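You will see two complexes here that share chain A, one where it goes with chain B and one where it goes with chain C.
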Partner chain A sequence: MMKTLHGGLRRLASLRLTLACLALAALIALAGDVGGWPTGTLIAVPFVILFVNLAAAIATHGALRTQAGLFGFHLALACLALLAAIDRLSGLSGHVEVTQGTAFDPTLVEARIGPLHPGSLERVRFVQGRFEIDYAPRLKRRETRSTVYVPDDTGNWHPVIVGDDTPLVVGDYRFYTSFNKGFAPLLSYIAADGTIHSGAVHLPSYPLNFFKQGNVWTIPGTGREVKLWLHVPEPVFVEDAPWRFRIPDDAVLVIMDGAQRYELRPGDTVPLGGGRLRYEELRTWMGYTIDYSPMIPWMLAAAATAALSLAWHAIGKLRRSDWDRATGAEERAHVR
Partner chain B sequence: MRLRRRDARLLAALLVTATVAGGGLAIDRWMSERSTASRPAATSSAVAASPDPATRVRIAALFNEGLRALRTGTPETAAAAFKAALRLDPHLPAAHVNLGFALLDLDQPTAALQAFDTALSLRPDQVNAYFGLGEAHERLGDLPAALGAMRTYVHLAPEDDAFRRKALSAIWEWEAILGRTAAASNEAQKPTPEAVPVATSATPAPAPSQEEPPSDARARSETMFGLLTRPLLGLDGTLESLQYLREKTIVLNVWATWCGPCRAELPSLQRLSERLDPQRFAVIGLATDQDPDFVREFLSDVGIRYPNYLDPDRDVTSGILGVTSYPQTFVIRPDGSIAERIVGARAWDAPDMMARIEGLSGP
Partner chain C sequence: MFADGAWLPIALGLYFAAALSAVIAVWRGRSVSTAMTLLAIALACHTVAIALRWVRLGHGPYVDLFEVLSSNVWSLHLAVLIAALAFPRIRASLAAILPLLQILVIWLLTVPERDTLAPVTYDTVWLPIHVTLGKIFLGCTVVAVGLSIVILIRRHRPEAFSVLPRCRALDELAYRFVLIAFIFETLMLIAGAIWAQDAWGRYWAWDPLETWAFITWLAVAGYLHQRAVWKPSPVLNAILVVGIFTLAFSTFFGTPFISTAPHKGAI
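Coming up: the complex of A and B.
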């Protein structure tokens, strides 16, 4: 029985299986990133097999019994494989747009979520403030400084500056600003029954889509669609000079309701769909990428430990005297 | 005397565990301190179950349903499933491509062409879209465009791609057909008027430019009559044919709002339209965008006043004119023949360009 178990473990500890796992992981990564295949959390599979393979190697290979450096290297690699699998199975990667002056809404998040994801974006709370983005000539985006307001333990809100490399960390979720941002006209619609609906319509990302600052909006309670277009008489940016993202002062919101066309400035009201539409003001929206990779620090530590263990093993080999080598050879002969 | 080494596994295991756990904790703390850490009490407490991304699940189900339908030979179901998936998320290149293949099966090559084009605009390296594009162009009778698309497919597809052989066969076949057509065209250059039905104008035809091979110009001239008589979608939503311009030389600019070079050349086209003799010339824009209202507002923003039309299904631009890249500008003589086809953006109001266009209209 024990012999059969040992034989099975020896087979699981095969170096070929190690190489096959690494190749499979590389293949899945390439298929997902380059080929665009929906690999999802499939990459966890080779990492789990790799963990089993390394654990079997640790259990069965006699050479690891006396070579602490090599043993540590294998153990750290096994940890790394397991951590990588857990990270992919519990991770989250997504994006969201938040309107200036409004709270983060988790229902608007589009995300790829691992099946073992333990968190909940429902608990994330912050309010989007103003943001600044510097551009170099030729529309090259430089630093983004997005102010968000986060509640502390006492219920007070305090400002936090978020950027492309400076995340807002909330409950292990990391929010980074992205290239995606734009204008958002704030509208209030007073329906025929007196109900007031307020909301913002996000126009396509600016300046990426400066030529298409339009969107479709459904009149609340009617299902009827009207089109919106933001007319910006004076360009916000100059292509060959540095500039900073700003809300245009002279923008005009165009509402197209069939053949009817209205031009609105902040505060203007028009009759629409049996009610009245008021254009409150022009705001901005900011796009964030959301990342939840809880095992990254431990994976980094495991990788460093593996490297140190291997170095320890290599140094031990180099420093071993002739007498040690002879003893080692004798010991290996004995092990066999 | 035999010396046995100490079993160091326990020590190593302890060391490794301590290093990974302690190191990870230290790195985690360091990362948190370095970043804009904000951990409100509400978020650091016990966490709830992750929300179910219902829309994603629905899209995946529709996508798989579409694939199954495609494989089982029911393209109507497949097209409906892919369209439903795209309504939920219009930014899925794979869904656009598969919708294109379903539409090809439904014998709707024009709509399929648009689906493949959309997929490529979303993801230029969506390899199978080029295969579909080639098939769609072939169905529409535009073999040069089909050939171009299929060559791109072969260029980008992996060596062991299942459809590579089929693509190569198609390329050989189309090259052979085009070779025969070219040979026939060379024969046709002999003075046989009935072989060139549209070249009946008394006006001596100017030499075709280098950008439009003579055989292509003649081959397309007949279809230009189709273009002039075909109703085009105006920016006010009404249909109108270009018949009212039959006495004029038309400078027809094919463009799209999303195309940077197209946008760049629009002001010079506006100036060209103002400087050319309106009795003899007309500058016309044909946009491939989907929404006439947005195109109208865009043109208003950039100060374009010459007439513009829309070809959202690309029936005219791809089907009749064979346009596969933007911008392209056609100078069409009053007899309906193409005097010149110019690929890419130009400074249209430059003196040499104006002289060239005026020279193309004949006396």
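Coming up: the complex of A and C.
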């Protein structure tokens, strides 16, 4: 029984299996880059096999255990493979747009979610405030300072500044500002029966898409679509000088209902689809990236241990023998 | 004092002269000491050029192709000089590796030099750490490539580089340089992941540069393991080392400048 178990472990510890795992991981990474495969999730497969392979190698190869550097490297690498697999299977990586003056809505999040993700994004609460973005000449984006309001345990709301490298941390979720942000006309639609629908239409990211600040909007209750776009006579951005992202002063909202064209300024109302559309004001929206990677500290510790252990092994190997007297037998003794 | 742009052509000319001198010296069976002297002077001039530009722009050579190429021309030449000083018996391999590095020098001459602005996400201590580790990785690899080229040349001309040790010894030394390179590549990926976590809120996102850096890491790990599994000949190992360098070179010099990955920053 023990002999069979040992034989099985030795087969699992095969160096050829290690090479196969490395090749499979490379193929999956390549397929993700070239073919758009979901590398983040699929890579868990070779990582799990690699963990089993390395664990079996540690259990069966005496030489691996007697050389502290090699032992530490393989053990740490096995742990890293397992942690990376868990992280990818339970992780979340996504993005969301939040309109100024409104609350974060988890249903609007677009994300790649691991099958073991605990799914607690619903507990995240914050309200989007104003934001500032500085630009250097040639449209180079610099600092982003986005103010969000977060409730504490007593129900009071506190401002928090979020940036590209300063996250809003709620639970294990981290929200970072992204390059994605723009303008959002706030509209109210009073239907024929008196029902009022309010909402914001997010226009494409600005200034990246300054030339196409338009979108399609569906009239509530009718299914009819109208086109709308923001006409900005004087661009907000300055090509060759520093500038700060702001709402344009003289922007006009253009609505195209078939051949009928309306030009609206904040406060204007027009008849539309049997009801009335009121253009309340122009706001902004901010795009956030969201990340949930619970294993990060452990992965960092495992990766650092692996690198340092390998360094220890390498230093020992370099000290033990002269490179120009190395023989095949010597190599076999030092490498499993 | 010359401006930074004036020092660079002097350095590049001296690199070329060093390469030519090394080839002629080995061809005639003489010492490569003149080549090493020229290389040291070239590196000194290049150091001044990079330092002046760094001070003028306020950021290191990380942003565009010119800066990345220039700093790598510097670091790769520095790596081969250090290796030649540390291992006197392999100095003649300069004649194998320096001509290869002149491809980078010629490429650098064709890239326009413009003033750059570093993205906000580059303002972190982890970037220079990440870049330095990467340069050590590539530097160790390029030394291994020099030894591997000698092995490959000897396959067709066994009498070539007669002052250098036998192929098996060169193969062993190349292996050790790749082993050290692997450690620094691992540390580079760790530092890069910490930087990415700071800069973009994720330690790994499989963007093209990350994907190809990971594939390069796997390739080096595969090379180290295959030596233990199959005990291949020095020639096969040399081919693999050249392959690894080609892969690493394509990853670090090609991918960042043909993709729109966040490593470039965004508007």
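We adopt the following convention: the second predicted complex is superposed on the first by the 294 of 336 C-alpha atoms of A that agree within 3 Å, B and C clash if a C-alpha of one lies under 4 Å from a C-alpha of the other, contacts with A are read in each partner's own complex, and residues count from 1 in each chain.
Assume a contact is a pair of C-beta atoms (placed from the backbone, for glycine too) under 8 Å apart; a residue touches a chain by one contact, two chains touch by 3 or more.
All of these numbers come straight from a predicted model, not from anything done at the bench.
Legend: residue contacts after superposition of the two complexes on their common chain; A:V45 is shown touching neither chain B nor chain C. When the two complexes are overlaid on their common chain A, residue A:D33 makes contact with chain C while staying clear of chain B. Residue contacts after overlaying the shared chain place A:L12 against neither chain B nor chain C. In the superposition on chain A, A:A302 makes contact with chain B only, not with chain C. By the touch criterion defined above, A:V124 reaches chain B but does not reach chain C. Contacts of A:D153 after superposition on the shared chain: chain B is touched, whereas chain C is not. Of the two partner chains placed around the shared chain by superposition, neither chain B nor chain C is touched by A:I190. In the superposition on chain A, contact is made by A:K140 with chain C only, not with chain B. When the two structures are aligned on the shared chain, A:V236 is found in touch with neither chain B nor chain C.
Common to the chain B-facing and chain C-facing surfaces of chain A are residues 167, 174, 296, 299-300, 304, 331. The touching residues of chain C, when paired with chain A in their complex, are 89, 117, 119-121, 124, 165-166, 168-169, 172-173, 176, 179-180, 182-183, 186-187, 189-190, 193-194, 197-203, 205-206, 208, 211-212, 214-215, 218-219, 221-222, 224-229, 231, 265-267. Interface residues of chain A, counted against chain C in their complex, comprise 15-16, 18-19, 22-23, 25-26, 29-30, 32-33, 39-40, 93, 136, 138-144, 164-165, 167, 174-176, 178-179, 207-208, 289-291, 293, 296, 299-300, 303-304, 306-307, 310-311, 314, 317-318, 323-326, 328, 331-332, 335-336. Against chain B, the residues of chain A that register as touching in their complex are 36, 38, 64-69, 71-72, 75-76, 79, 92, 106, 110-113, 117-126, 150-153, 160-162, 166-171, 174, 211-212, 214, 227, 229, 231-232, 254, 256, 296-302, 304-305, 308-309, 327, 330-331, 334.
Looking at the complex, you find that chain B touches chain A at residues 2-9, 11-13, 15-17, 19-28, 31-32, 35-45, 47-51, 53, 55-56, 60, 93-94, 123, 126, 257-258, 263, 291, 293-294, 297-298, 300-301.
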